[in-house]
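Read through the structures below before going on.
Both of the next two complexes hold chain A, though its partner changes from chain B to chain C.
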Partner chain A sequence: MDFYPKVKSAVNYFKQFSLSGKLALIMILIILLIAIFAPCLSSHPHQRSSGSALTPPDGEHLLGTDDLGIDLWAQIANGARISLMVGFGTALLAALGGGILGIIAAYKGGLIDKILMRLIDIMMVMPDLPVMILLAAFFGPSLFNIILVLSLFSWIRPARVVRSQILMLKEQSYIKSAESYGASSWYLICKHFLPEVSPLLAVSIIRLSGRAIVAEAGLSFLGLGDPTSRSWGLIIHHALNFAGIYYTPFWRWWLLYPWLALTILIVSLAFIGRDLERIVDPRLGK
Partner chain B sequence: MKLKFKRLRKRLITLLVISLLVFSLFGCGTEEAMDEQDVDLIDEAEEQVEVVRLEGGSDDGYPTPYAHYSRGPGAYKMNLIFDGLLERDEDGLVLWLAEDYEVSDDGRQYLFTIRNEVKWQDGEAMTAEDVKFTFEYSSEHPMVRTRVEPDEVEVEVKGDNQVLFTASEPNASLLYNLGRVPIIPKHIWEDVENPEDYLEEEAVIGTGPYRLADYSQEHGTYRFEAFEDFWGPRQNVKAIEFIPVSEDIMAFEQREIDLTRIGTDLLPRFEKQEGVEVVQRPAFWGYRLRFNMQDNAQLEDKELRQAISYALDLEDMVERDARGAGVPGSAGILPPDHVMYNPEVKNYGQNLDKAEELLVDLGYDQVNEDGIRYNEDGEKLCFDLFVRDSTIRLAEIMNEQLSELGINLSIRSEERQTHDNRLHNNDYQLIIHGGGGWGGDPDYLRERFMTSTDDEEYVDTQSLGYENQELNQLLEEQRYEVDQERREEIIFEIQELLAEDVPQIALYYPAGYTAYRADKYDGWMFMFDHHSLTHPKLSYLTRE
Partner chain C sequence: MKKVRGMRVIEYLLTVLVIVTLNFALPRAMPGDPFLIMSETEEDVVVLTEEQREYYFELYGLDKPITEQYVSYLGDLLRGDLGLSIYYNEDVSTIILRRLPWTLFLVISTVILRTIIGSLLGTISAWCRGNFFDQFLFFNLITISEIPAFITGLLILFVFSAMLGLFPLSGAMSHFTTYESLWEQIVDILHHAFLPIITLTLARLGGIYLLARNSVITVIQKDYLVTARAKGLSKGRILLRHILRNAMLPIVTRTFLSLGSLVGGAILVENVFNYPGLGLLMQEAVNVHDYTLIQGIFLVVALFVLVANLMADLIYKHLDPRIESQEQTTS
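Up next is the complex of A and B:
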């Protein structure tokens, strides 16, 4: 039974989480399930109207409807897919890309390292939101472009963290001896470096996904997302565009629920990120 | 035990942070107290309001007749500085820079007597020469909103203060158009080669009631101040400011601005508020669906356009997009509030069976797995629909309605400038065009539907690739018809033809509500053919 120890170690990991971390994990799991089973979870379509406009939450429409009469629960459930996809898509792309660049920079050193470090310096001083807005406007509104643009601004942190870790690792004697036996760079990266930095990358992924989800919501809110998608940011965008929504009762469902969903997801990711960091780096635990 | 406490505290803190976030986001603005300390701005002795603040924040261009943006907010800011020969009040044209005018019996000659003692804002006297110069200069350099075509009239100065316009043909809308041209000073403009690039301080010198005191392109702010030596009625408002606001209704509640548009759902709130007046705007602004028939052979079929008309539920659009505050579009284009509206015009209404029948007859009789209809050549009914970012919801409603019929729209939204450029360059298949002027002289139908010429001038408004000789003839005829009754008959007939041909679809005319602080200023008025309270200059002047 190869399977059992893995489950056991997963349970052990879970036990190391704080209470808030455990709650957060459960919340993420729930949101993930909602995203996966979105079409089965709501009896109403999320793209077209299924009732009269702006009905408050009732038995028919659990979370009410928006100004077009589209069921909000259906939109939020389907929007979870977009948020998670953007969040984890961006984070994976950025963490892997950044991680590999970091490894190369540290291991190869020399000119490559210098160029990459200067590039990172440039990216760090660049104000990301204005440039993201510019790029999103330039590439045109689509989900894929948003993931791309967000990744473009997210790889710096993982690259720096990984680089410093590798700089330390490559002086270790076991790496030195592997090198002397003729191990190729590729072999070293796959066999030694990636496994060593993977916990760090995991923390980065969690951190970055939280950021990316907020950024997607922000870009959608500014009208730079796919205008007809039903992402959480876009629901909020439409709600806030409704003239004087604060003076009507509509915000109590149209604005509140997508905002709540977004907040729960972000806060959960933050808690998990914090706990992971503590587990990965024992010095922080004390 | 201690540990539990710690956890509990942690949880409490988390909860507190979340609830703080909730309140910081939603608490503000819901129920703010009235600012009682707001100083009484009305000067009792003079009864002039110090300043009226209006929503600004988007650049409308430098307010000269050549540099303002073509939309209403730009044009009417320019109008505060520049006067025309005539002005418009609630009922029609009134004398303005012209003291009097006479029209000859054949409808070709217009003799305007220009007011004496009119001063330019730099102190020079305005004369009949300036009027002549304006028309000559603008036929050479068309203004942003050119009303009088080059070669349409000849201008001569008669005596000291009279100007005679002679038209080559009698023309029903000429008086209206002549009266609206902003008169510019000869001594400033005569040496200007490129009026579009002339952005000096002198460029905003007119004879109007207000001077431009401050303008910031970046912030979209304007400040207009009363011109002391203005020839006409006294200004009720000393200064007009257009300021950026983040949320207009909130800004109105907090007395940052004195007038705002409100949605139907806010009526009860503002109607009972003391000192606030609410009025409904006339439906002279409208959304229309335009087809680019020139570059899309599919759209050339009249039956397809009719089918789209049958598939649309315009009342539903008014209900959902405008929360009921609007009038569904008329297939004859002219809105029901228009003086020459033809109520007998073909009324499409939503009729999906009829729409389907038309499409099947056209050959679009198959539907693929995505529900999109196509014909035997494999031509699908898929179109790109371009909208302004503020019109997305309307586009989504339209998409929902058309998808019932198997017509698929990809919605592309853009901000105002890009959208307007797209309109100008005819770079679209379908586009939702929102704009004003629907209450004006029905000659605008000629600008919209007469077969395209290479004339640069109407490139924004023409229906691309549309041609109907009978209609062309009627449009030409009404233009030269000076007998009002006969002209109305022609216009009625034109509306019937348009309703049959559907070269564009009037979706709906919003007739929303405007709330203003009557306790601060209540001189607002609507011009007889316009939808805005803040645009007419008479809104700011003493009325008899």
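Up next is the complex of A and C:
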């Protein structure tokens, strides 16, 4: 594998991005770096008190502290890990699972396809947030459970997209001729189908991770987040549960900064998703 | 044609069954002892004696075989009996009915507002397509609609209630006040509901706007519009009678279809503004581990969403018979 053409094509992709898309990519990169280097970026621990409670931002605590005196910048940097992990974890799981289901359904057809389509129909009309709340409430809000529940509601889109793509592909003559040479289903899936649908899946992954991050934030915001790992939604939840926070100046840092981080992440992912959709499928543009 | 519609209805019934069964199975599949978790709070730990456990098992009918439990559960549901709330010690259905009007008020006002504003802006945008105003609306509305409602809601609450003090911070009515007239009460309720409704409307505007813009753009290029213009009809008449009428169809369907995610948004937004509807009730129930109440709310919300989706399906087919023939050819 030579590396150079790949870099070149990546640069080409980047050039096709709109201004907002480029900015969004840079923001995501920054958040990613913050997430990776979270422990080195803050001199304070993110789980223990490191100063007096509710100090406004100053030189010592960059973004101030919360009601337990825990440094907010450390919490936000660490929360980036959790938000990104939930987002990309869910998206990968859902895109892979949904993609494989879509390929099998489209390629095998028949009863499997029928069952899958009915299942998708049922899932489509299922109200996702209420079901997620129910599942999280009953099974306990661990990070693993949350990723699992979110994936359960995210595989539908990739499955549908991939299925319709494969339905079209399997009528192509090169697939037919590969089949007549005795290519197995597994060979076809790995060699022909997966590479063909991977750009579509890549777009799905960006979109799905955006949605998963939003959903996780929503669940945490309701108090259903994993209490042992403080995501941004959970920081907001704790701040809002502080009685009368709006009558105090505390919300100016305790609520505002996690809110800002979450908004930047969500908007950036949305911009990138939209640009990718346009590049991969030019028909979707204006 | 009858067959296709029948299939859809069966599908919905299946979904209802899945939801009801989920509701039945979850507390039984839940890890740990439900009675312990129910009676435990964060402060005190409860230990049940063997006698107490047996008493509870009998009280909730858990000593009977699972099929019998399921049948009696379905029977209770059909009678509208959602069980007893452990925390409030009241019928779940009574509590839900008390809170439901507030959520309905938010959702219905939002649907009306955003349909009107969205179609209006979409039409304006399509009318002056490509110029600065169109691009400005397009970019901003699409960006805002990417941000979930509760995030926008937090910002709106920061600015208008906490910083400027223009609107109340929580609740649906002022406490401890007596109203001198009905009018005063209405004003107070609207004052409290204003920010939540605006938040939901803003977050949901993008979809309708885009739809209206696209359908108007398609309609504008049709031959009959050239005819209408050639006939010398006034701009307003063309807009109302020819463009909007033909562009309405997808908007109506979309409105019903999006009710599901709108309810989801409302659950979260109610928690931002402390608005006493079902969403806030759900969080309260989660906080106090009131599982029967959580289940009851879930069931009501889920059924509401399903009915809305079914209505969207049926209305769409009713308004546009072409869909049915298309579906038959593809399936």
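One rule holds for everything that comes next: the second predicted complex is superposed on the first by the 282 of 286 C-alpha atoms of A that agree within 3 Å, B and C clash if a C-alpha of one lies under 4 Å from a C-alpha of the other, contacts with A are read in each partner's own complex, and residues count from 1 in each chain.
We take it that a contact is a pair of C-beta atoms (placed from the backbone, for glycine too) under 8 Å apart; a residue touches a chain by one contact, two chains touch by 3 or more.
Source: prediction; values computed, not measured.
Q: Aligned on chain A, chain B and chain C: do they clash or fit?
A: Partners clash after overlay.
Q: So in the superposed three-chain picture, is A:T228 touching just chain B, just chain C, both, or none of them (first/second/both/neither)?
A: The first partner, chain B, only.
Q: Looking at A:H238 after the superposition, I want to know if it touches chain B, chain C, both of them or none. Which is it: first, second, both, neither?
A: Only chain B; A:H238 stays clear of chain C.
Q: With the two structures laid over each other on chain A, which partner does A:S43 touch: chain B (first), chain C (second), both, or neither?
A: neither
Q: Considering only the touch criterion stated at the top, classify A:S9 as touching first (chain B), second (chain C), both, or neither.
A: Once the two structures are laid over each other on A, A:S9 reaches no partner at all.
Q: In the superposed model, which partner reaches more residues of chain A, chain B or chain C?
A: Counting contacted residues of chain A, the larger count belongs to C.
Q: Please indicate which partner A:S142 is in contact with in the superposed arrangement: first for chain B, second for chain C, both, or neither.
A: So A:S142 meets neither chain B nor chain C here.
Q: Kindly classify A:F250 by the partners it touches after superposition: chain B alone (first), chain C alone (second), both, or neither?
A: In the superposition, A:F250 contacts chain B only.
Q: After lining up the shared chain so the two structures overlap, which partner does A:L68 touch, if you call chain B first and chain C second: first, second, both or neither?
A: So A:L68 only meets chain B here.
Q: Applying the touch criterion given at the start, work out whether A:R118 contacts chain B, chain C, both or neither, answering first, second, both or neither.
A: second
Q: If we overlay the two complexes on their shared chain A, which of chain B and chain C does A:S185 touch? Say first, second, both or neither.
A: Neither partner.
Q: Out of 133-141, 367-375, 421-429 or 457-465, where does chain B run into chain C after the fit?
A: 421-429
Q: Mind sorting out which residues of chain A both chain B and chain C touch, each in its own complex?
A: The answer is residues 223, 246, 251, 255-256, 259, 263, 267 of chain A.
Q: Flag every residue of chain C that touches chain A in the complex, lowest number first.
A: 11-12, 14-15, 18-19, 22-23, 26-27, 29-31, 142-143, 146-148, 150-151, 154-155, 157-158, 161-162, 169, 260-261, 263-264, 267-268, 271-272, 282-283, 286-287, 291, 294-295, 297-298, 301-302, 305-306, 309
Q: In the complex of these two chains, what residues of chain A are touching chain B?
A: Checking each residue of chain A against chain B gives 19-20, 48-49, 53, 67-69, 141, 223, 227-228, 238, 241-244, 246-248, 250-251, 255-256, 259, 263, 267.
Q: How about chain B: which of its residues touch chain A in the complex?
A: 7, 10-11, 14, 18, 21, 25-26, 29-30, 247-250, 253, 261-263, 265-266, 269, 319-320, 323, 389-390, 392-393, 396-397, 399-400, 403, 411-413, 415
Q: So in the complex, the part of chain A that touches chain C is made up of which residues?
A: 118, 121-122, 125-131, 133-135, 137-140, 210, 214, 217-218, 221-224, 236, 240, 246, 251, 255-256, 259, 262-263, 266-267, 270-271, 274
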